[in-house]
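Contents: one structure, followed by commentary.
By letter and in written order, the chains are A, B, C, D and E; residue numbering begins at 1 in each of them.
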Amino acid sequence: MVSPILLVAVPLGAAFLLPMADRLGRPVARGLHLLTLLFAGGLALRWLMAFQAGAPAELITTGGWPPPIGISLRFGVEEAVLVLLAAAVAFVAALHLARREQASDVRGLVIQLLLVTGSFGLIMTRDLFNVFVFLEISSIATYAIVAFGREREGLEAGFKYMVVGSAASIFVLLGIALLYKATGTLNLDDMLNRIHDVPPAVAPLLGGVLLLLATGFLVETKMWPFNGPAIDLYDGVEPGVMALVVGTVVNAVLWTFWKVMLLAGDAWVSTVVMTVGMVTFVVSNFLAIRQGRVRRMLGYSSSAQLGLLVFLLPLVRDGHVPLLAAALLLVNHTLAKAALLWLAGLHGGETMEDWAGAFRGRVALGVTLLTSVVAITGLPPFPGFWGKWEVVASLARSPFAWWILPLLLGSLFEFVYYFGWLRAMRPDEDEGAAPIVSGAPFGILEAVAPLLMAGALLAYGLWWTAFMLPPDAVALLGLGLLGLVLLIVPGRVPRARAGLALVAMLVTAWLVLPLKVELLLGTFEGLFGAIVLLGGILVALAGLGTGNERQGHWGLLLVLVASSLWILRAETLLAFFAAWEIMTWSSWLLVRQGRRASRAAWLYILFGAGGGLAVLGGFAVAMGAGVDWIRDLGHLSGLPALAAFSLLAAGFLAKAAAWGLHVWAPGAYSESPDTFSPFLSGVVSKLPVFALMTVAVRAGGEVLGARMLPVEPLHAVAWIGGLTALGMTLLAVFQEDMKRLLAYSSVGQVAYAIVGFAILSPLGWSAALYQVVNHFLFKTMLFLAVAGVIYRTGARRFSQLGGLITRMPVSFVFVLVGIIAVAGVPPLSGFAAKWLLYQALMEKGWFFLTVVMMFASVVAFPYLFRLIHSIFLGQLRDDLRETREAPWPLLAAQFVLLGLIMALSVFPGAFLASVDRVIAATFGGTGLRYEQWLVTGPLGYLSGPGIMAMVMVLFVVLFLFLFFAGPRPVKVKQLDIVYAGEVPPPPEQVHVAYDMYRHYKRAWEPALRSWVVRFWNFVGETADGIAETGRKFYTGNGQTYLLYTLLFLAILGLAWASAAPAGASPAGPGERAVATGACDPGTGPEAAAEPIERDPGAGGTFPAAATLCPVGARAAE
Amino acid sequence: MEIRELVGALVTLGGAAFLFLGALGIVRMPDLYNRMQAGTKATTLGNILTLAGLAIYEPAWLPKLLLVVLFVLMTNPVSSHALARAAHRGRVPLSDISVEDALAEAYGETAEPAKEARP
Amino acid sequence: MNLLSLHALAVGTAIVLILVGLAGALVRRNLLKIVLGFSIADSGVNLLIVTLGHIPGRTAPIIDDPKLLKDAGSLVVDASKVVDPLPQALVLTAIVIGVGVTALMLAFVVRLYAQGKSLDIRDFGRLKW
Amino acid sequence: MIKQLVGLLAVLAVAALFVALLPLMAPTELGPVTRHYVEQGLVENRGANLVTSIVVNYRGFDTLGEVTVLFLSVSGAGFVLRRREGLVPEPQRRSSELVQTASRVLFAPIVLFGAYIFVHGHLTPGGGFQGGAVIASAVLLLLLADRDRLLPHGFLSVIESFSGFGYVVTGFVGLAATGSFLANRGVIDLGTWNRLFSAGVIPVIYVLIGLKVGSELATLLDTMMHADQAGEGHR
Amino acid sequence: MIFIDLVVCLLAIVSAVWAIIARNLVSAVVLAGVVSLAVSYLFLRLAAPDVAMTEAAIGAGLSTVIFLIAVRRTEEEEKR
């Protein structure tokens, strides 16, 4: 095969020839440029395939000499991947930049090509001085290419970058020269061997030399505190150019840093590098949250991502973290950041406000943007997720487990600003602001660049995902894939898409669910799977009737359903977490489709992703104890068990909107698209309950039973659930918006299931599971009914509605049944749920909590009453006279649910008996007995049919009485009130349904003041304030940045000199060197006489245990 | 043998003397133009003499030294000429005792830069 | 080491030049002075590297005299008679690279001046925070 | 002021680091690799100037990079200072007749001298870079004598491109002949020590480097002198 | 000999410091050229004639010229 040296030689030759080619015409020069890049990419690809087939890494000599004599280069898998990546990005960048007017100078092309060539050389070379040469080539090319940008800003940034870069290259050059002096060689592999044979007099000094070198590279990799100029560069330079730099030079420099770090076995320098890397990750991400300028924000993000990779260098070297993990992160960042930068260039918006309505109507670009953001924040299925997981997993098992903490913190900040950016892109529709579409017009060639990158990301990510899925879950993958296809394929035919989604889910249900009901309900997986699929199918059915969803709605729903099913099937921690995160982002995107959901969606994803990080932390604790499978979580004990349980519970409770973490929930439930609210509230909110029951409980293991702590952890959870139920119910009472009312109600009702779970007894779990199914049925139905009302009237506020019973009688029946079920009164299923819950609580002995729960369910009556009263009863408003009944698909979906509610109400025993098998498998026994129609608990029995019959009789009697003997309604004019002198309130406020419970509100005011919201606001404002102040660190003055660089070296140099062993103390160094005789000319060390032809193929096999300073210290004593 | 080396050394010494005179002129002369004249003329000759001395001392270097002499002959006057003109254009004042500014007349300048009192 | 040896002097001068250059780049506000500072520091670095290869009492690595050979028959050079040529080769490269960077920096300065009509680095900090 | 003080303190602390590293800078015997260069340099390359042997052959890849750096900087400077359309440089004052004539006369000898330096690069001190710099000084002389003089850009550019390309091609010849890029042994006869035609492809490469460096530095000077002066101002 | 070296070293250092301090840019550039020249002499003394030549031609010569051109380019417009 062709020698990889051509990867450097051919582009160099081409670069020299470019000016000549340009004399023949610009297309010739451009063609030469593109062909060269194609050649390089093709060559790298061929070698990569050869390596896959088992070929060994290639050692390339130059000048005809073997390694230590001549300069040698290495071309192995790592180099091939980096070169391929660089060539690909450069090729696409060349396409992207082709039309820019600045490219009209051929020197622009020359610089572009040399930028790439320098990176290739930097990636492949194994000679330290050659590293310096190629470092200079790529740096100079970076400096020069800055002139592509808007004139002044780009040049300013470029000059600052040069000032700091010049200092860095002085350090690097000095470091390399001193290393040569100490080891007598420049070849990296040779030096790795010889660095142990350094004369003892100078061995302790190597730490200082490596510090010089490491400082140089920390500057070159733009670590904090040296990242000021680099961030300015992002801000000032044409983004298309920065994408090229990110894809080539940045990776090459990082890889070179890796090579240099091979030398630094010295623990001290390694710690410095790790610390600086992690600090960069956290600080850059943190400062970015206050960054209003988009490109600058991207710069902070790049710095942070690079910081994470630099942090990993010593860990990968010492085998604590696999190289593959870092590689995944790198590939992910390169592709995603390149795509984002190109998009930023296409749009041209400077500040967040400019981005409002970005890419509206350009679906492909919008999807690309979303894909890139989801990828860069490390969410599945993209490569960055797998990389981050692997990093966390291996860190957890290494002695560096505590570093996970800042890692998670930095990731959280990353979510904040990236999702904040997306939030700014889709402001609420009534926030006015027409979309500003700025930026130069662009052609297909420019637009295709980010698409290619995002496509590569997605393909690579899915390829990994296919590996990670359980082998029998192909159906899930198919479902998800179909969803993605629906997402991407253009065209706006919501009904057809809904139909396709419906069919897909039906097929999936056929494939994955066991058909026998007993079997279906007899496992957690089956029970929750049925809920997910049934919910999905019904929502899609309803979608056939509405057809006003935004594009992507049904595709995302399929992805959401697939990921939810995957959560249920997951057996490993990784599979579970991946599915959990996909579920989070796909549901977030669905929430975001609501018309006023900007803020709601933002809060949703912040808490969702933050909860995800808590879950990851919990899993990290588990993995640190050697657990990889969910079923093994039970093996945890002691402190790890408690920590894992607490973190997991926190994560899941955040998703379940437990009190304290519920801030997101009312907004998300109510502002979602009308066809998604039923699914979000009915189905997605059940998944945390599943997770608590199957995952968190196991992690808790014996801790939960053994009462290690003064407070039983689960008792705390139960109280949180109780408070949630009470508080949310109280708040629901005062809502003026029917979806919002249902939203508060949902949060409160799910809390019942949490309380049931926390009781941790067979009876409690029966109650919880019963409540889960129950809530799914009635809340999905209610939300669908409300969706029908909104669909027909367009109104959501109670004061805009009323008297619809005559226009929408069927919907009225559904709502009526629904609220009875919610209220927990006989004869419907809600009663059974509460009956079970109270029994379980009393059995457990938590009497006070029992009282609270009872109070909460009583408080629910007033708000439930409003649903009937304000929507359907009373007098029909004039503007609603033309209203028709909801479309039939909506009604059909509700009808199915109605039937199920009835079945559950009449035969609670049948359901409970099959659920009991799950409980028995968990607890080894059940709390209930079943005889015919009777269910017997510890405190009494329940007979579904009996109650039903009894209530029916009562109801009929009552109804007949009212019908014949009740008062007749009197018709009055609406909104017709006489004023006497006072300022008239807006008509809305005089509606009978407006602020119906205002009197109670006055009484409960202090209790309702949301301390939680205030707390979170305080947290947000404080963080903003600190970030705002922290950003002042970057003064914009190039000299200040240079000062940071020197100060860094000075402080660490002093620290090293004072911490170094006695031999390195500056006292009388000159005499010392002579006294040891090591420098005596003529009697050179014996090593010099050795034959120098060493094993040429020796790679970086560096003994992990070798540290330099202690060796020298011993020798010096 | 020795005679040749001695002669060479003497010639070189002569060159050094001229160079010294040139330096002296630079110190003693009243204004830039006069100093430049002293510096150029004396040093051109001094250089040539020094090189000639070297040629006598080591005859093998003759061709190269000839080239150097040629080079000095061509560059030294031209460069001082250029310098002087540049100084004039830069309005470096003449000394008080100078009587004529031919260049200014050649340019037809009315405002003479000469005779300005030095601060 | 003898403090008045050529080697010691060269090392000392080199280090002082590096520091003076860096200090100049750090303290002076004129863009050209900053570039000048780096240029001086570069000279210092080059001097230091050459000094690293210097061994007192040996000649330059140009073998134009048979006395430098180990024995007359072969072309093997007596390694105890010449200084280390490698650092010299490196410095040759470094000097050229240095002048390249300097030229580019000066081009930036000229361009910045053309746009901002100033040479004060504080006037070129519009991008910040 | 405080910042400058802190800066000086930082420099002093860096000085302390250097002082701590002083023992590393004491003279030491040749290392193994460089010992090979010294002892075997003549045997393997026949070039009297060992530094040249290292620069062009043992570490020839570095030198290719070095040439690239220069090329890149000059292109970069040109790119930064590129002329915007529609801007014509203002005419400059010409030097006196004498200076112009002298510079024209001197041009050829200086170029010749530069060529002499790089042709003898493998024998005496100096080589492609030094010779190239001398050639550039000849060009500088021309430019100084007559600032409006426009260099023959086409010619310079052709030399620049083809000498650089020739360097790479020489490397390919080595690759084809011996399997190693830029190899010297086994490409052409190494010749006899201390003769002009010796040291294999080293003189060839040095000539190419000299031409390239000369033309590049000349372009650089031209770029700097005739740079576009009109700024876009505050946009 | 060593005293000449000492003087040259001092010359280099003094010129460097002066170049940094000097207000006039042209003198600063010329002083930096002096530094290069002195360093070039030291190269010669350190048995590195190749480097000395390069430093003299490129460091002291070409570099200084480029600096001077840059100084002129940045002064010219202030007068206009």
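Methods note: a contact is a pair of C-beta atoms (placed from the backbone, for glycine too) under 8 Å apart; a residue touches a chain by one contact, two chains touch by 3 or more.
In this text, all values refer to a predicted model and were calculated from it rather than measured experimentally.
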{"item": "If a chain touches chain C and chain E alike, it appears here", "value": "D"}
{"item": "Touch-network distance, chain B to chain E, counted in steps", "value": "2"}
{"item": "Most centrally placed chain, judged by C-alpha centres", "value": "A"}
{"item": "Greatest separation from chain A - chain, by CA centre", "value": "B"}
{"item": "Higher-contact pair (C-beta pairs counted), B-D versus D-E", "value": "D-E"}
{"item": "Distance between chain centroids, defined by C-alpha means - chain A, chain C (Å)", "value": "49"}
{"item": "Interchain centroid distance [CA atoms averaged], chain A/chain D, Å", "value": "51"}
{"item": "Mean-CA-position distance for chain D and chain C (Å)", "value": "15"}
{"item": "Intercentroid distance (Cα basis), chain E paired with chain A, Å", "value": "56"}
{"item": "Numbers and ranges of chain D residues touching at least 2 other chains", "value": "7, 10-11, 14, 19, 22, 25-31, 33-35, 37, 49, 51, 59, 62, 65-66, 69, 72-73, 76-77, 80, 125, 129, 220, 224, 227, 229, 232, 234"}
{"item": "Numbers and ranges of chain E residues touching at least 2 other chains", "value": "48-51, 54, 58, 62, 66, 69-70, 73, 77"}
{"item": "Contacts with 2+ other chains: residues of chain C", "value": "1, 18, 22-23, 26-27, 48, 51-56, 60-62, 82, 86, 88, 90, 92-93, 95-97, 99-101, 103-104, 106, 108-111, 113-117"}
{"item": "Pairwise chain contacts, counting only pairs that touch as defined", "value": "A-C, A-D, B-D, C-D, C-E, D-E"}
{"item": "In the complex, chain A residues that touch chain C", "value": "129, 132-133, 136, 140, 143-144, 147, 151-153, 155-160, 162-163, 166-167, 169-170, 173-174, 177-178, 180-181, 186, 232, 235-236, 1031-1032, 1034-1039, 1042-1043, 1046, 1070-1071, 1073-1074, 1081-1082"}
{"item": "Chain D-touching residues of chain A, taken from the complex the two chains share", "value": "3, 5, 9, 12-13, 15-20, 23, 60-65, 68-71, 105, 107-108, 110-111, 114, 117-118, 121, 127, 129-130, 133-134, 136-137, 140-141, 143-144, 147, 150-152, 155, 178, 180-187, 190, 201-202, 205, 208-209, 211-212, 1039-1040, 1043, 1046-1047, 1049-1051, 1053-1054, 1056-1057, 1060, 1064-1066, 1069-1070, 1072-1074, 1078-1085, 1087-1088, 1090, 1092"}
{"item": "Sites on chain B touched by chain D in the complex", "value": "67, 71, 74-75, 78, 81-82, 85"}
{"item": "In the complex with chain C, residue positions of chain D that touch it", "value": "4, 7-8, 10-11, 14-15, 18-19, 22, 25-31, 33-35, 37-43, 46, 48-51, 54-55, 59, 62-63, 65-66, 69-70, 72-74, 76-77, 80-81, 123-125, 129, 193-194, 213, 220, 223-224, 227-234"}
{"item": "Touching residues (chain side chain E, partner chain C) in the complex", "value": "2, 5-6, 9, 12-13, 16-17, 19-20, 25, 28-29, 32, 35-36, 39, 42-43, 45-51, 54-55, 58-59, 62-63, 66-67, 69-71, 73-74, 77-78"}
